[in-house]
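A, B, C, D and E label the chains in the order they appear, each numbered from 1.
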Amino acid sequence: MTVPAPRVSTTQFDTNELVINMGPQHPSTHGVLRVVLRLDGERVLDADCVIGYIHRGVEKLCENRDWTHIVLLTDRMDYVAAATNNLGYVEAVEKLMQIEVPRRARYLRTVLAELQRIASHCLWLGTHAMDIGAMTVLLYAFRERELVLDLFEEFCGARLTYNSMRVGGLPLDVPPGWDRKVRSFCDLMEGKLDDYETLLTNNRIWLKRTRDVGVISAEEAIGLGLCGPPLRGSGVSRDLRKDEPNAAYEEFDFDIPLGTRGDTYDRYLIRMEEFRQSIRIVRQALDGLPEGPIMGKVPRLLKPPAGETYHAIESPKGELGYFLVSDGKSTNPYRFRVRPPSFCNLQGLKRLVRGHLVADVVALIGTIDIVLGEVDR
Amino acid sequence: MTDDTKPGADAPGEAGGAVSEPAAGPAPDPPAAADAAPPKAAPPKPEPAAAARPKSEPAPPAKPAAAEAARQAPTAASAKPAAPEKPAKPAAAAKPAAAAKPRPKPKPKPPPEPPKGPPDPPPPEGMESPAAVAAVQEALPDAIEALSYWVGDWTLIVRRERLLDVLELLKTHEAAAFDYCSDVTATDWPPRERRFDLIYCLYSTRLRHRVRVKVRVGEDDAVESVTGLWPAANWLEREVFDQFGVNIVNHPDRRRILMPDEWQGHPQRKDYPLEGPGELLMENPQDWLRVRNLPDEAGTDREPGPDTEIE
Amino acid sequence: MLDTVVIPLLKIAVLVNAVLVAVTFLVLMERKVIAWAQSRLGPMRVGPYGILQAIADPIKLILKEDITPVKADRHVFTLAPIMSLVPALVVFAVVPFGPDPLYYIGDINVGLLFIISVTSIGVYGIILGGWASNSKYPLLASLRASAQLISYEIAVTMTLVSVILTTGTLSLVGIVEAQQESGIWFAFIQPVALVLIFIGGLAETNRAPFDLPEAETELTGGFHTEYSGMRFALFFLAEYANMIVISAIVVLMFFGGWLRPFPNIAFLGFLDLLPAWIWFVGKVFLFLYVFIWIRATLPRYRYDQLMSLGWKVLIPVAIGNLVVTGVFKVVF
Amino acid sequence: MAEALLFYTLAALILGLGVMVVSARSAVHSVLFLVVNFLLVAVLYVTLNAEFVAVIQVLVYAGGIVVLYLFVVMLVNLKKAPERFSDPRRLARSGLLLGGVVLALIVVVVSSSLRAGMASEGTLSGFGTPFTSGNTEQLGWVLYTSYLIPFELASMLLLVAMIGAIVLAKRHLGD
Amino acid sequence: MLEITPLHYSLLSAALFMIGVIGVLVRRNVIIIFMSIELILNAVNINLVALSDQLQDLAGQVFVVFVIAVAAAEAAVGLGIIIAFYRNKETVNIDEIQIMRW
């Protein structure tokens, strides 16, 4: 690996600079991210992210799969938010084929996507807190995530990679009584959120570790292509659920929390608020859940007309975009491209960590909430 | 704006869904569109060209495809003689026949599909292009090769030489204000002369609309990096360089990103073997050695695809 | 001969073994307490309620392969864990478990100073362990650890001085006796000192929220990243033995050591039915519980915040406390 | 008997470690030997009924100063470059020579003073402050009365040294 | 021989002193030279404590305390200088430390 260091110390330890490898086997790089840090004492002078350790060529794979089969592969990208990945993909294909999705399916998709957001944020909260040393929050957050996984399991039989959506609708309707369970989960989750906040929000050490760490201005965040909570943390109101509503989001009432300082603490608060907004959306969707079919009119063999489209949705991590090209002849996409939010957010890490201490690097990796399966694809 | 195209895709009649946010999007539309009315005449010109392209293309592709098939065949053939010596390594036991058997299989591979180009359908007659597109049409009419509209997405197809001008205009123009670079990616259409489509997905956080800019580049054409306009393009362009080998120049940090630095070839190209170079190379250890000894390309020189290397 | 050699040797043998066994059960206690705090069960497989885990853990560590990295400085690498454990055990020489000479190995007149000076040797184990591993993360961690230990030692020592001012003796037995005479635990006389020493003790034993030298999420395990097997076990023992030491000091100095609560109130005399050493050990474990509780609750400080807390808060407050104590001593 | 055994063991170890400090190739090993040396010297002090000094020796020397040395050695890692003796033989010879001269001088002085009667027996005279084994209190008393001014001067010196060290080691003032 | 007199301590002290002196003269590493100086100071301290015990006079121990204080000061400043020097010259070899300013 070439490190862009003008003066990498040749000695083992130098009073001036130290180059250390954080990862790919490091407990808090959330997988196999490798960050090459150039340090002055403990202060980070420069960071270089090395990714691709679990690159599986998902895009290339998808170009050789049936349009229907790809749903399965999208599960494997952001594997902690598989339903959202499914949703983005099937909607992109629906857009390409101009398929209308029944209202009930759109409602259920919204419920699934929001439950997925809660699960994904739970994982983020747990690992982020763990990185900063609050190990109990990890266990608490995972405990609640289990409940979401149970709900998904009841819906589609899988706990991690759901394969839970189909082009044109959903593979199956929710089991009877499921909505009641979701409701009681929502009630429970609200109480648990208060627990988390008791442990963290006003904790002085937590404040010290996150306030004014990794501050980024709105202009810079936009320029760096940050998306999702990192972008909103800087006060940019951009949530695709509002801006380009997909599924059934335009029918629900919810708020987009915005940060003011653009630091790690703001990003933390935003995600905590997103938990609550997600619960709110889920409740509205369940209240208004219409009866009706769950599959639209879809040909048995998917063969979209030749053309291309880009469709983006708001995943828990940010803008998840699918760029699909169909040649109109084969049953595979000619080009399948994912715009992974983690990938684009990770790009900002270099900017965020500069000038901070080693301990902040792990806090910042946590705050941008990456999943390496999605970064590397 | 993109919003009003949305209904076509998903929920007809709910175009106004984005009301919760400043409705700046649709507002500036009519005047700008009115401005754009005169240059509206321009699109028809590129249209025929765009339409002609896909038609003219089917012919040449057949050749390379055939050539490729021919190329594949010798590989398999050359591998066969090597086979008798090889069995010692993988399966020391009495499986030379079995080992040889799977090899013929790749030969009757389905014949390569007829190659195609992107349709890039022009906007329907009488449709007004949005203000941002109109602005470019007005300011840089010569830069635009074609204009495309499909399922609600506008695509500007621009000349490679004028790419930066167009993008800069799109970023700075009042009616465009594309300050956010969502995605940079590419598509490979091997038989075509300029085989790569380089696609920039832009978004405006202020006006909340999207546009795609597409540029067609050949294998050796240099494309200016857009990192100066959007730092976000840094990694995205690196990925395009890594996966397609598009010659992006003036990039601050042009290295491979997903593949290892010493990787040969560009996996997302259509002529890259699906199973990766590994198995092909394994057939003949000599090839493996040859590839090993190639100069390290490590983000400096582009290498032709590995298939040509092996031959 | 019997009194000067055999008995002390016997006592040492008993004490060292007791401490080591206590450490193994302390580890179990930590795992259990944290598990309960996190709504888990903790170890449950080995023995009833996982009690035998305390034995299984050390056996596992002893049987594990003991790896020495190729580029490590072999001798120092082996020496470091020993240098870390020995001071932690030596300290117990002056810790009195009860009023009777039977309960302590030695009561020297500079007992407290002895503890401070011996614990200050413990830092060598950490520095050398980090250095000898010849690896970057351990090196960073060991530099952190030594800076942290030295800084907090100042605060703790300063605070101890103010306690010494109140007692007038450096002997640990003397300190407890002074509490008996005054009829009140020093926790109520020197509350500020108690807080300072407790915080400083957390920092000196590298416990959360000051566990930076071994912050696994930052430095992949800290100074003992490269250690395994028995040598790692020694570091482990040292850390927990140090926890016990700090708890013991806090109990001796502020909570009346082996004394029952309200030692001079007669009608609570039935509390004396429990032997003195049980009171002492019970109090020590109470504090160990607090250590663990804190670990389960708080996030971790950052290195610079830790240092500024030490230098800008603890040390000035310790000096202030010392001055106030001195003034009181002179005035009253 | 036991006392003599203890002394000889300690003396041998102290001297041996002293030699190791001076001759070790790696600076870190040097520091390690120095620590052990100081600890043994502290034990020697205990045998001389100077418990407080022994504790101070451990606390300040072994626990403080030598840690500082270790720190510096690690900062300016010298592992890579083995030390170059510019002219080893000449220097060693002159060192040995000088050392020998110093030793001879000391032996002469010591033996002559012993012959003068100092070694004969017990205390020399009544001046000074006689002390018993547990002398910490007395030492403190003496320090804060008879030696108050030197004590204050020493603390002044330490303060100055502290400021000086910070100024020297800080890279950029106002950083 | 079996009776330990101040002479024994003085000889020990002298020997340690000599080792320190040799270290100062022979080694070229500034840090080790500093350590040798610490050895010399310790040699002196042994003498002081031994004679203090012998004479039943606390003055010796008081002086040891002062010597330790001075040693601490010396170490702090000396090592500060070494660090500052190393940062500029990347060496701690005393033969290369020969100019007063740079």
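In this text, a contact is a pair of C-beta atoms (placed from the backbone, for glycine too) under 8 Å apart; a residue touches a chain by one contact, two chains touch by 3 or more.
Not measured: the values here are computed from a predicted model.
Shared contact partners of subunit A and subunit B are absent; no chain touches both. In terms of Cα centroid distance from the overall Cα mean, chain A ranks first. Centroid distances from subunit E, each centroid being the mean of CA atoms, peak for B.
Among all pairs of chains, D-E has the largest number of C-beta pairs in contact.
If you average the CA atoms of subunit C and of subunit D, the two centres end up 29 Å from each other.
Rounded to whole angstrom units, the spacing between the C-alpha centres of subunit D and subunit E is 6.
Inter-chain spacing, taken between the CA centroids of subunit B and subunit D, is 75 Å.
Separating the CA-averaged centres of subunit B and subunit E is a span of 73 Å. Residue numbers of subunit A whose C-beta contacts span two or more other chains: 12-13, 15. Residue positions of subunit D with contacts to 2 or more other chains are 52, 56, 64, 71, 74-76.
Listed for subunit E are residues 83, 86-87, each touching two or more other chains. Contact residues on subunit B toward subunit A in their complex (touch as defined above): 2-3, 6, 8-12, 14, 17-18, 20-21, 113-114, 116, 118-119, 121, 150-153, 155, 179-183, 185, 187-188, 199, 201, 205, 208, 210, 212, 230-236, 239, 243, 253, 255-261, 267-268, 272, 274, 298. Every residue of subunit A that touches subunit C in the complex is listed here, in rising order: 12-13, 18, 20, 26-28, 42, 129-136, 139-140, 143, 199-200, 203, 205-206, 208-209, 357-362.
Looking at the complex, you find that subunit D touches subunit E at residues 1, 3-4, 7, 11, 14-15, 18-19, 21-22, 27, 30-31, 34, 37-38, 41, 44-45, 48-50, 52-53, 56-57, 60-61, 64-66, 68-69, 71-73, 75-76, 78, 83-86, 88, 91-92, 94-96, 98-100, 102-103, 106-107, 110-111, 114, 118-119, 123-124, 127-131, 135, 138-139, 142-143, 146-147, 150-151, 154-155, 157-158, 160-162, 164-169, 171.
The residues of subunit C lying in touch with subunit D in their complex are 73, 75-76, 79, 108-110, 113-114, 116-118, 120-121, 123-124, 127-128, 131, 139, 143, 146, 150, 153, 170.
Across the complex, subunit C meets subunit A through its residues 34, 37-40, 134, 136-137, 139-140, 144, 208-209, 211-212, 215-220, 295-305.
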